[in-house]
Amino acid sequence: MLFHVRMDVEIPHDLDPDIRAETVAREKAYSQELQRSGKWPHIWRIVGEYSNFSIFDVADNDELHAILSGLPLFPYMNIKVTPLATHPSDIAAG
Amino acid sequence: MLFHVRMDVEIPHDLDPDIRAETVAREKAYSQELQRSGKWPHIWRIVGEYSNFSIFDVADNDELHAILSGLPLFPYMNIKVTPLATHPSDIAAG
Amino acid sequence: MLFHVRMDVEIPHDLDPDIRAETVAREKAYSQELQRSGKWPHIWRIVGEYSNFSIFDVADNDELHAILSGLPLFPYMNIKVTPLATHPSDIAAG
Amino acid sequence: MLFHVRMDVEIPHDLDPDIRAETVAREKAYSQELQRSGKWPHIWRIVGEYSNFSIFDVADNDELHAILSGLPLFPYMNIKVTPLATHPSDIAAG
Amino acid sequence: MLFHVRMDVEIPHDLDPDIRAETVAREKAYSQELQRSGKWPHIWRIVGEYSNFSIFDVADNDELHAILSGLPLFPYMNIKVTPLATHPSDIAAG
Amino acid sequence: MLFHVRMDVEIPHDLDPDIRAETVAREKAYSQELQRSGKWPHIWRIVGEYSNFSIFDVADNDELHAILSGLPLFPYMNIKVTPLATHPSDIAAG
Amino acid sequence: MLFHVRMDVEIPHDLDPDIRAETVAREKAYSQELQRSGKWPHIWRIVGEYSNFSIFDVADNDELHAILSGLPLFPYMNIKVTPLATHPSDIAAG
Amino acid sequence: MLFHVRMDVEIPHDLDPDIRAETVAREKAYSQELQRSGKWPHIWRIVGEYSNFSIFDVADNDELHAILSGLPLFPYMNIKVTPLATHPSDIAAG
Amino acid sequence: MLFHVRMDVEIPHDLDPDIRAETVAREKAYSQELQRSGKWPHIWRIVGEYSNFSIFDVADNDELHAILSGLPLFPYMNIKVTPLATHPSDIAAG
Amino acid sequence: MLFHVRMDVEIPHDLDPDIRAETVAREKAYSQELQRSGKWPHIWRIVGEYSNFSIFDVADNDELHAILSGLPLFPYMNIKVTPLATHPSDIAAG
């Protein structure tokens, strides 16, 4: 089941640089593990912003919330989730 | 080059039903031809709305505008385009 | 799987009164059938508005979109869907 | 009498971790006591956000304000209350 | 129990003038009857707008919705309801 | 002359607790003195928020600004003033 | 007593051209009479918009509402009123 | 003197097609004449929208308003003007 | 050439009180000098807010930006500039 | 390929003044190098704001994001990118 997610990151300017670097590194590893598992099939950077559009493919709402709230940068993010359905014009849906 | 596009459709209630049906049918054919060409790799219905999120893969801004302004439903749509860049955590990015 | 839905109804003032009455009647029947099936467990009127908050319990996003886009008043509604997860403090979740 | 409430939690990043943990624990106990009493019949997590939609069943506006302003996390919340009425299509309203 | 209500009126420009005048006259009579009953203790015009702020004193949410949805101008209004509680500084509350 | 005022209070979390308590106490005394004088005839708490709707009855705009900018909590408030006129349906106006 | 007013005009495209011209002419005469009386000391066009910023100098809120609601274009305007007070830095206030 | 202008065009769907075509043609001629005169040095289409960003180089505010309000499509446009100053980093600013 | 300017002041609560007082005093002197020069013909306090509406009469956009960015409180202000043109109904416009 | 970019700068008030000055100086050098290269053909100050409108001429979305995220002030900016296409009325478009 697919969901569209927008994530906007706002890390406080006074966060300790080591904690910041370590958190960002953990975020990347966490994201890539989910990408490899197939649960996070797309992630795109929004040009000019510390933000991304992502597509998640999960079993249900609870799994999606578990994934998102487990993001190392979750405390510094605004996240907006939109559920997706098959589009009637989608040639892949046939 | 990838772009994220949100399309919200609002067809006037007093549009002639035949024109409406014919326009929607042309829209579907137009979309599917672009999907087959690879220029419109993703289209998802937003649950509960007459709207979609789409991803376009085009040569440049002018090609994207030509495609979008050529949509049969273009006069009845609000469209919002967001340019996308490769995300540094994207495992497909190499 | 639960979803929170807000529906705002705006029927054009110049809609034929018979069509209006018939559509509203079909909407009520459609809603009550889904309530009886367990897929639409809650519907509340927002005080002072031609709007409701509803909870849907469906198998997946596609089923929810099929239900919502099938509403007789769908062409006259603005709908906003929010996916819900189990709250960690919910005593019913235990 | 039913009310729809949205709560968005924003705990300052520099809050002492012990105070934070203790406040969150008190919040959970406070919520669950009200759930058991029947005054807080529903609480759902909004997927991807530190937020919830809740339904309260209280005697009047003053009781609702007393409950909400007594939330241990109240100083860190934005709260939006919407009064609910019986929906004419509600099969439970009989 | 008190509620704060903002009403914004937008009557379509092409409404038949007789229907318009008759509806506005019924609105006034309806409002004044509720004012006399004590259920609508305050109504103020917002300067420069076809709008009012009102205070309602009703038994519960259902009664308020019945009153508001019965307004002759209801189909042409946007209404926003805010529940009120006693303010701790209110000298009348003591 | 009547004015509708919405006040939203946001006291910084790191304000010294003694200063906070003392300021809140002064605010209450200041408000009650104005209520007794007849210049602040109504104050209502907005349910679930650290906010109020108030009605002021003052000689002119300058007097209202002097009163509002003299509020002990003024530096921590967002205030929105709306001038009120007599409503043509008001039975008390007549 | 001074008020700042923003007026945005939106005349329906299908209004009879003669009625439109006659209404605009009456609006101009109405405005100029109030300017000559001293009650409407300033009116400025907002560049690029069918809108103006105006300053009114009136006895009280009721007089201002009477003036504004009497504007021939009032049914086609959105109006926003802001009460003004003397600024402590104003050299004319001294 | 430079101004940044955003124009959003919304032509009513029921406008006579001949009037529409003739107005759009006049708009183009009007724009190109101003471009040739140097007063409208830049015009760009916003991708996916019936909108443009433009730069105007005019003597003063009154000239800009005269130009914009004379646009054949002016009655169908929303226009937003932003005055521009020399940027301290501009290498062309000398 | 006239411009309408709205200034909203938000001085950080933890600013040193002496710096604050000195900056506010310099702001007043700066403003009054410009008022005396004729470049800042009007300044009004917005009732209930730490904000003003002002009218500036300057040679061009660059002069206006130089004046505004030189305000001692500029780092703590949100400023919104709107260019003004002569209104066709203005009796002072000749 | 052209893009329209709005940048709003908000440097924290408690940033070390030397770091601030050094960052602003690096920003200017970075911007001017890109202007000289032809990739940043226009930059204008928005009057009254610590903001600019810019036009970028880049090969693709990735290059634009690399440039923008490399801005020394990037951590203190809100950036909004809009892709531009050739306008059909543009006399320079041939």
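Labels A, B, C, D, E, F, G, H, I and J are assigned to the chains in the order they are written; within every chain, residues are numbered from 1.
We adopt the following convention: contacts are C-beta pairs under 8 Å (C-beta built on N, C-alpha and C of every residue); 3 or more make two chains touch, one makes a residue touch a chain.
Chain labels with UniProt names: A, B, C, D, E, F, G, H, I, J = Muconolactone Delta-isomerase.
It should be emphasised that the depicted structure is a prediction, and the values quoted were computed from it without experimental measurement.
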item: Number of steps on the shortest touching-chain route linking chain H (Muconolactone Delta-isomerase) and chain I (Muconolactone Delta-isomerase); value: 1
item: From chain H (Muconolactone Delta-isomerase), the most remote chain by mean C-alpha position; value: D
item: Same or different residue numbers at the chain D (Muconolactone Delta-isomerase)/chain E (Muconolactone Delta-isomerase) copy interface, by half rule; value: same
item: A-D, B-C or D-E - pair sharing over half of the H-I contact pairs; value: D-E
item: Distance between chain centroids, defined by C-alpha means - chain G (Muconolactone Delta-isomerase), chain H (Muconolactone Delta-isomerase) (Å); value: 27
item: Chain A (Muconolactone Delta-isomerase) and chain E (Muconolactone Delta-isomerase), separation of their C-alpha mean positions in angstrom; value: 45
item: Centre-to-centre distance between chain H (Muconolactone Delta-isomerase) and chain D (Muconolactone Delta-isomerase) (centres being mean Cα positions), rounded to whole Å; value: 50
item: Where chain I (Muconolactone Delta-isomerase) touches two or more other chains at once, by residue number; value: 2-3, 45, 47, 61, 64-65, 81-86
item: Touch relationships between chains, expressed as pairs; value: A-B, A-C, A-D, A-J, B-C, B-H, B-J, C-D, C-E, D-E, D-F, E-F, E-G, F-G, F-I, G-H, G-I, H-I, H-J, I-J
item: In the complex with chain D (Muconolactone Delta-isomerase), residue positions of chain C (Muconolactone Delta-isomerase) that touch it; value: 2, 4, 27-28, 31-32, 35-36, 42-47, 52-53, 55, 82-92
item: Chain G (Muconolactone Delta-isomerase) to chain F (Muconolactone Delta-isomerase) touching residues, read off their complex; value: 1-3, 60-62, 64-66, 81-86
item: Contact set on chain A (Muconolactone Delta-isomerase) toward chain D (Muconolactone Delta-isomerase) in their complex; value: 3, 5, 12, 15, 61, 64-65, 68-69, 75-76, 79-81
item: Residue ranges of chain G (Muconolactone Delta-isomerase) touching chain H (Muconolactone Delta-isomerase) (in the complex, touch as defined); value: 13, 45, 47-50
